[in-house]
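All chains are identified by letter, namely A, B, C and D, in their written order; residue positions are counted from 1 within each chain.
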């Protein structure tokens, strides 16, 4: 899963192609946004119903965008977390466990301290973020101090996380019913529920970290050349551990939004986040070998994946075709957004 | 139309009958002991390990099953930690491997209650138990060609639920509630799972009597709340106001659907299945129109009990009629009118069952189509 | 101001530094020369804090100090400009300059980009480089990057109170001659700000730049010479412990070659972004040298001959047959062997042993129906280990553990044993010590005598002149001039440089 | 220096130590007949992990194996009646085809294998769902025994499954250690650019590696299907992560060029022992997953040879 820049990059036409590749994920998203309404139109056309392309599209409506945004919000937070790790050229597979633990502990804390946002229970929110940070910190320690490649370390930590969540709940689901907390989903500003704005806020924070803080820039340095960064006096191990910790915080954000969306915290809260988030990161154009991409790419990637998922249901694709279609569309999206001439091989 | 009342009455009657029967049973074993172990009893064990093998702990359904298993263990005067848990995490491979490991460890002195995760997996599980001399009772998943009576005493019993009828009933409640016209959607379980198929069939059967209702769409939500939430969002986009009712394959799916509706500020009737405490609460609040309680607590306990009492020689499965070896579990409808009563008698205060009353609350033999 | 006294360093089984005395004064440029393995790099690592000596003292301004890591050394004004390009290419120039020291621009956790860019511009001015500091480093030329590295080290000036000591490790290896001149001028100008330790294989450059020269051999300083007394021959003599005769490049062994039946013919070949309209013939026994600055198209031509890159126009003919499929497999099948510059990345496979590496390009010859005849492979390896005098305990040794010269021999053995009669040498002596270089020259002559056609991209111009029958000078991918280079009528350095720039 | 020479042996030392720990706490674990049964049981997982080894050996990953096994269980069950033993051939062809496509997408279209194989797995899942009509299917018992009865049962006290595993391991080992393909695989894993510069057809080698992974996954699926006497689109769920874990614990890290199929055999046994230990040592069901993760970290920390990771640990 690494690639090396080719020794002699072809410099001809580079600017044009570079720009094209840079914006390719957005183009893919745009194409998808036109494609699904087309199928809607086709369906109505066949049924001889009145349907003006795009204008009459149910898919292309604010209400549906809100639905896509709701399902994308928790995934976006998790994907942003893992984006930082992938920028460093590492990978984090512990998100499912971390999300579950954070969700469950948040629910316990929240209910244990009063169960309403107006009480001390509100402290459960920072509490969950701290739990996420701690999980990420341990993950980073295992990876860095035991010198275990992050793929293995985080995979195992994921097992530990899911196991811990199971141990904590004993399999029970914890309902978080507080209206104020659930306003994340139920209260809408400008058609979008509050959780979308929280996710947007998270995205801006991540962007800020990525572009404006030393830590964020150091992710790029480590991803671009770890040995070189080390030689420049950068404490790479510290950057790595802090990266995993930061990822943990964003996983916890994802957990909070996931609980906010369903109102339930359980061991299964984290299920499915691993493949969705990493696929989204790659689809968005962040390279798995590190150093290229960022949180905006991830936003596009998450939107692409969620638009595909939503669109397939909206155009009435049978359930059994959906998996395969998603697979093929993901391959297509990655192919389109990869600068094939800038990499010599991919694993 | 109080299903509950009828059910409780029926259960009390049978409980009484079987108390008598079990008293006779105790006397019989006592009598046998006087003459020493008979050759037919040679393969039984005085204190077999009791184990429950199930999918996971993240679904309340399985927690109910487990609580039944533990209640049974406590009825033997043991601590509930004496029950061995095997969790397969949705993997048939792990399910089988864990059983094999446990068989090796216990040397076959095992009474196993199991849902094998997937129908094909039942055969190898049963075969290895039989080979090792252990006693096994299965729940839910098995293939149609696998029958306890083909394996002598060691494959004690199989319990399942016939979901088509009850699902049809909930569907009728739903279709009545929407006034017999409009559109409904169905969110199903993992598509290949038997209950998922039966519950969708139930809806389809009911729809035959309601020509003005259209089944807009049916898609699998894999028994998963989050998936259900996303699928329902998609349905809302596609069909919008055409959806006048939702038929869910189980409670966990219903939770996801409810949240999707809540996000849209929509309020349309939905029906569900399984009768989890949370769902029953929602029925009582009127947010879910009806659910079906399958008494997993009893199912979990009695499946373990059957294996255990066969293993100890308390009864001899091969002498029982086929309908005592393959039978359907109980189903109880929970509707807003009786949800409170139901909750009080089944959930808040779990009834203590006689775990030797194997077939009392059961619901007739399994019929293959 | 900076001084080492009796510094010792041991590694398991090796006494790497033996009682080294070393000192550098303010504004001085000190040269450091020695063969590979003489202890130069160990000494440098001790100086910039990567290694801790296990004997002797380090003193800065007369005070004894001890560095646990390079960062601490930096705090004393000691910085290193690395031999390998050490800039991170996906970062901006400004970020590279201040990597690890961004804190000065951070307020309440936020990086002030404006301030950093301005500061970077000031640093770049020190090295007279006028580029936008917010440019992505990947877009710079090699020479520009070298200057950015220097600018990066010069940031120590602002951070440290005392004087600076800057190590330059082979700074000229990727630079063209005129760029070297600029660099040297710059270094001389900068002596007002810092002292320099200049490490290079290029003796002439060391002599040109340094005030004093430390000569190392076997972990010891064997001589310290002042610039005016220094002579290349005497220094080389001290380095290797023997004379380097005038026949360094084995010119006496240079034979003439047949001018018929070319092995390789280029007819008006171009490759977008690489080179344009190039034509030449390579004959059996000929050593053809491509000369030019970095990026002049030398390597691109080599890769096109080999087949790794496809041309955009023109025809390439190998042994009379026009090439239509440009793949490395095809090149190997045509009897071409490629000795890449990046020996450790493209030459040998680290983690594979000597015989596995040697047969890598010709496995089918040592296999029946895809099953390897390992016995034969080992025999081949033993044969070539003896033939080329490869220093390895056995054919089972992991190539990663061999010295650079021996790795190069393994690569050459790979092609020669496979019967390649067109050999492409890309900087074959890069990073090798004099002894190993001579072995390579010997092999070049031997191959040439066997009728092998060789295309060479040399490490130095002297090497190019010494070894070649013909020289083609390139500039910006364009053909400039062709020289014949038979012994006695070889072009001069000046002839070549004139056309390169 | 002593420790250095021990490093390659860490995987099996870890295995022996684990076995001893479990056995000393619960001696019944040492019962040879039940041990053999436990080992025989893990064979399908082992076969899948062995195939995956080839891909991880070149620094990639194959996330499609579980879905491939799923589709094969369905194909085997549906077509057993028509083709008998011939379904084995169909299964292998399907596995090879899916693997080759994954390989093609990875090498030629530059999609990282993490994503390409995941996506191809989804395609396989769709195919399995479609073929099975989204139902669990059962094999006819007689036909199953006639065609594939030989897979199970035992010969001279050794379960046939183990024999099959042994034969496949030998083939895989031979492929890896004694053929030009194996050598090329090593070169690609350890130094891809050098392999290219030596004129190897690197893309072909990689595509074949993915195809082999697919074939082994298909064989694993077939065995599992016969063992369970049926098939459906979810039957092999749960294999994927364990197969990856088996490869990694055996000492084939994702960095490529190190380890091999014999390591994976040891890795699979370690996984088996850890899992059986949960049952033998009566670890509470709710704690098992956490314990598994922690033991896994310990096992990986012990078994990977860091000196071979070369350079940075990502």
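Keep in mind that, in the parts below, a contact is a pair of C-beta atoms (placed from the backbone, for glycine too) under 8 Å apart; a residue touches a chain by one contact, two chains touch by 3 or more.
Just so you know, these numbers come straight off a predicted model, no measurement behind them.
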Set of chains whose contacts include both chain B and chain A: D
Per mean C-alpha coordinates, the chain lying farthest from chain A is C
Dominant interface by contact count, named by its two chains: A-D
Between chain B and chain D, centroid-to-centroid distance (C-alpha), Å: 34
Give, as an integer number of Å, the spacing between the C-alpha centres of chain D and chain A. 29
The distance between the C-alpha centres of chain C and chain D, rounded to whole Å, is 44
Separation of chain B from chain C, taking each centre as the mean of its C-alpha atoms, in whole Å: 73
Please output the residue numbers of chain D that touch at least 2 other chains, ranges allowed. 129, 134, 193, 196, 286, 288-289
Of all the residues in chain B, which ones touch at least 2 other chains? 57, 191, 220
Mark out which residues of chain C touch at least two other chains, giving numbers and ranges. 342, 346
Among line, ring, star, complete and other, the chain contact graph is other
Determine which chains touch and list them pairwise. A-B, A-C, A-D, B-D, C-D
Chain D - residues contacting chain C, complex: 174, 178-181, 183-184, 186-187, 190-191, 193-201, 257-258, 308, 310
Would you mind writing out the residues of chain A in touch with chain C in their complex? 5, 7-8, 10-12, 208, 212-214, 217, 220-221, 223-225, 228-229, 231-234, 291-292
Any idea which chain B residues touch chain A in the complex? 56-60, 62-63, 66, 191, 217, 219-220, 224-227, 229-231, 233-238, 240, 255-256, 259, 262-265, 278
Touching chain A in the complex, chain C uses residues 70-71, 74, 80, 82, 86-91, 95-96, 99-103, 106, 109-111, 113, 152, 272-274, 299-300, 303, 309, 342, 346
Any idea which chain A residues touch chain D in the complex? 1-4, 88-91, 97, 142-144, 146-153, 155-164, 166-167, 170-171, 226-227, 275, 278-279, 282-283, 288, 290, 319-328, 330-331, 334-335, 338, 340, 343-347
